[in-house]
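Would you mind keeping the following structure in view while I ask a few things?
By written order: A, B, C and D. Residues from 1 in each chain.
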Amino acid sequence: MTATDYAAACLFILGGIFFFAGTAGLLRFPDVYTRLHALTKADNVGLGLIVAGLVLQAESWLVAGKLLLIWLLVLFAGACVAHLVARRALRKGIRIWTE
Amino acid sequence: MLIGLLNIDWGVITIMLPLAGGIACVLWPAMSKPAGLISVTGVVLAIAGLGWRIMENGTYRHAVGGWGAPLGIDLFADGLSLVMLIMTALVGLGISFYAKRFFSPCDAVRFWPIWLLLLAALNALFLSADIFNLYVALEMTGLAAVALTALTGRIDALGGAMRYLLATLLGSLAYLLGVVLLYHDAGSVDIATLAQRIEPNAAVWTALGLMSAGLALKTALFPLSFWLPPAHASAPAPVSALLSALVIKASFYILLRLWLELFGAFAEGVSMLLGLLGAAAILWGSLQALRQTRIKLLVAYSTVAQIGYLFLIYPLALVSNGMAASMAAYLAFSHALAKSAMFLAAGNLMQFGGHDRIADLDRAVQRLPLTVAAFALAGVSIMGLPPSSGFVGKWLLLDAAMSQGRWDLAVVMIIGGLLAAGYIFKVLGYAFTQAEVPHDARAVPAEMEWAALLLAIGAILLGFMAPQIFALIHPDLAVNASEAGTVWTA
Amino acid sequence: MTNAFLYAFAGIGLFVLGLHALVVHAHVLRKILAVNVMGSGVFLVLVALARRSGEATSDPVPHAMVITGIVVAVSATALALALMLKLAGKSGEAVLPGKHND
Amino acid sequence: MDGIIFLQWAFDAVLGLGLLWLAWRALNSSDLFKAIVLFIAFGLLMALAWVRLNASDVALAEAAIGAGLTGALLLAALARLETMTDQNVSGVSAHPAHPPSPTPAGSRFSRGLLILLLSASTAGMGYAVWSLPSYSTGLSMDVAAHLDSSGVSNPVTAVLLNFRSYDTLLEMIVLLLAVLGVWSLDGLPPQPEKPPATVLETLSRFLTPVFILVAAYLLWVGADAPGGAFQAGSVLGATGVLLLLSGWRPRARLMQWPLRLALTTGAGAFILLGLLTLLLEKQLLAYPVAQAGRMILLLESLATVSIAATLAILFLSVSSGHKMKTGKEEKE
């Protein structure tokens, strides 16, 4: 294994931790808004780290470009869908959780 | 010139022509009816051409894509496939001429493209030599049949179609799982290749069970027949005729083909089970038919009973006397003609009285003599009275049962015949008597009456054609069959 | 490569789970889901078993068959959903009318 | 490397069990909406399983069709079902719960019998699978031997569009039959149109060109790598679904013969090419080796159009009562 492989492995593990945290938040947070927050934030960063790791290992710039494109699309779609879910929840009158 | 005609690949034409016709109907809805009639007539001619070719050159094989099995898909036709194709073409032609007058312009636009694609699916199915290709053809047949069942949009038709769709999907998936096991056991989906490689092991036995169960469900073998009466009785009359005459024969044909080529050699015990279920179907279906108060439900339950006869072939003819293919094809053909005539006649009675209550038929015989004659002639064949084709087919079964000492099955067949006489005379009786409340009568177009009558006459005439049909399938056994065909004159 | 058998067994499990749901549930939408799960199970068995001889041989024929199967499944699902909607529109509920000894 | 093998084992085991668990939850959850969402998650896990089985072509098709479009169809149908049952029958409310009610006949005895039968058949099928000969190459050798003369280098595309192209022709007809079947059920009450969210509009405006690009890429790359007509068609169909969701409706004129042409062009091209090859090569769909690549690309392009149009129109028919003009309106 080369140094880039070790760096990539570190990025994967770090990304995995973010996914884990996001999932834990999704399961444990009290209402739909905080869950969305946990999900989109953590998943975007998590996926970003994993994509970064894969880019390090990519064989060509074309592959690296495609990987980045995937990340950008997920970011964009995730933001839009989170917005839609939150708006629908607000319209339905779901209260925002306060302690 | 004639040799040139012989060289045309008629088998491919029988599939591509109705496909092209169906697509033409989608593109130009206004042309649906002429496109439909031209395609169906063309299919009849193409099948005549294919039959001629098979008689001249022996079995037909066409490697699609030029690859050949096992890599590619082969089309294949022998006598058995040919008889099924002839059945599809002739019954389809009769029903098409009936449908030409039956459907209103707006229903016709929906009926023709689906019917043409169904016809293509049936032809593709009878011509396929590849078990995965058979799955695709089976799904095509099923979806088209369900779409046609729901055509009226009435609530009973929708419920019947929904139940039918779920049953047919379940049957296809069970069949597909069998295909999966056979492919992984023998490394091919070509029937001829499989036949060389298959040995009775656990995977093959499981495939046998799954495929038999799935196809029996699609053929509506008792007790898997729960979906048939609501679907066949609620569909429009020409569609009921198509479903009962042709669509259930498709899955029956696949099952028979698999048993003849792959499973028959070692699965004698299972064939006994299929025979017993067939016997149960005869009794249960006939009794239910006798209890019905509506013609179409009565005819639908009669189909359940007649399917039973088809399955008696498994214990009686598959192993012992090698006549299974010809007997099955002949019985299926005979039932297709008689049952389509009956459903079309029932459709005429419904159009005429606006209902299909048996008790209120109100002297239909005086006002629709041709229709009642069609029902009666078809009934003669269903009951198995000479000289109809139903008689020849059932006599052969009875003969096989007695010569093998299967008195139980013989008794069931005789009871089934008596019950059939009961339910058919029940309808005919009311057709001769006056109802308590007189009804308005609407005119029925002459073509619709003649279509039913001609199909019924076909069911009788087929009785005289037995030697020819048998010779198509078993040239070497033709002598046997000609004795059978002439036995009633003795 | 015994992992292939793992997926094949999962496929059989899915087939049986779907069959159970198809028989037990009355609501048509559940029955449609059940048929889809059964189909996924069959496809899984088909592709998984093609890998049982190891990584080296990748048989493309099952893959092509499964793609065919997925397209057939979505067609059937669409028809079933449309039928269900029409039935519910007429009868007010999406269950099969009238039990016929089933 | 034992650690890696163990990890793979653990991953596959978790994935297999996850599939079974999600399927069970999807089929038996008390809320239909939840059931559908779980089913979509199940479809995505299936796509992961296909990747693990080295079936990337199937994974793409599963993610796009199995999880994506089937999920959209199911959700749209559920939404219609709820408004419909609310309107029509006061007593029967679809939401929130359709408890997974057992069929009326389901006594405890027949339940037990069913479980017994299913367990027995599971065991039987499991044993059958286990007892299969441990080494089999299926048809992979035949495919490899003829791949060079197929016109493409992706073996799955070679099987779909050349070796078993006849299956694909019939499959195009199955798609057409689904549309014809759905259309022949017309007369559903139209769904009241809701104004779409602006975000959705922005999303679809941005994504539509991206999707078209992806579809074209998948179509082109299918000759040598995972991809092809079905994947491209379903991505394009998904674009249609997204546009429909964001409130776009095709103009009435577009719903006439242009739509009919789009729906039939794939099957029609197969039939015409089939008849042409029958005339020239004496075999249905036997392409001359030199032309095979080009013919496959042509067929795939037209099939992509048909698949996309079919999937989008199926979604439109199921999600809104917006029915296609059948011939009768043309006549009247």
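Please note the rule applied: contacts are C-beta pairs under 8 Å (C-beta built on N, C-alpha and C of every residue); 3 or more make two chains touch, one makes a residue touch a chain.
Just so you know, these numbers come straight off a predicted model, no measurement behind them.
Interface comparison, C-D versus A-D: the higher number of contacting C-beta pairs is recorded for C-D. Centre-to-centre separation between chain C and chain D, using Cα means, comes to 12 Å.
Chain A and chain D have Cα centroids separated by 27 Å. Separation between the centroids of chain B and chain D, computed from CA atoms only, is 31 Å.
In this assembly, the C-alpha centroid of chain A lies 57 Å from the C-alpha centroid of chain B.
In chain C, the residues that reach two or more other chains under the touch definition are 15, 19, 45, 49-50, 52, 62, 65, 68, 72, 75-76, 79, 83-84, 86. The multi-chain contact residues of chain D, meaning those touching 2 or more other chains, are 125, 129, 132, 136-139, 143, 164, 167, 171, 174, 177-178, 181, 185, 187.
The multi-chain contact residues of chain B, meaning those touching 2 or more other chains, are 132, 136, 139, 143, 146-147, 150, 153, 177, 183-184. Checking each pair of chains for touch leaves A-D, B-C, B-D, C-D.
Residues 9, 12, 16, 19-20, 22-23, 26-27, 29-30, 32, 62-67, 70-73, 105-106, 109-110, 113-114, 117, 120-121, 124, 132-133, 136-137, 139-140, 143-144, 146-147, 150-151, 153, 177, 181, 183-185, 187-188, 201-203, 205-207, 209-210 of chain B touch chain D in their complex. On the side of chain D, the complex with chain A involves touching residues 197, 199-200, 202-203, 206-207, 210.
Residues 15, 19, 22, 28, 31, 35, 38-39, 42, 45-46, 49-50, 52, 62, 65, 68-69, 72, 75-76, 79-80, 83-84, 86-87, 90-91, 96-98, 100-102 of chain C are the ones that touch chain B when the two sit in their complex.
Chain contact summary for the complex, chain A toward chain D: residues 73, 76-77, 80, 83-84, 87.
Looking at the complex, you find that chain C touches chain D at residues 3-10, 12-21, 23-27, 29-30, 32-34, 36-37, 40, 43-45, 47-53, 55, 57-68, 70-79, 81-86, 88-89, 92-94, 99.
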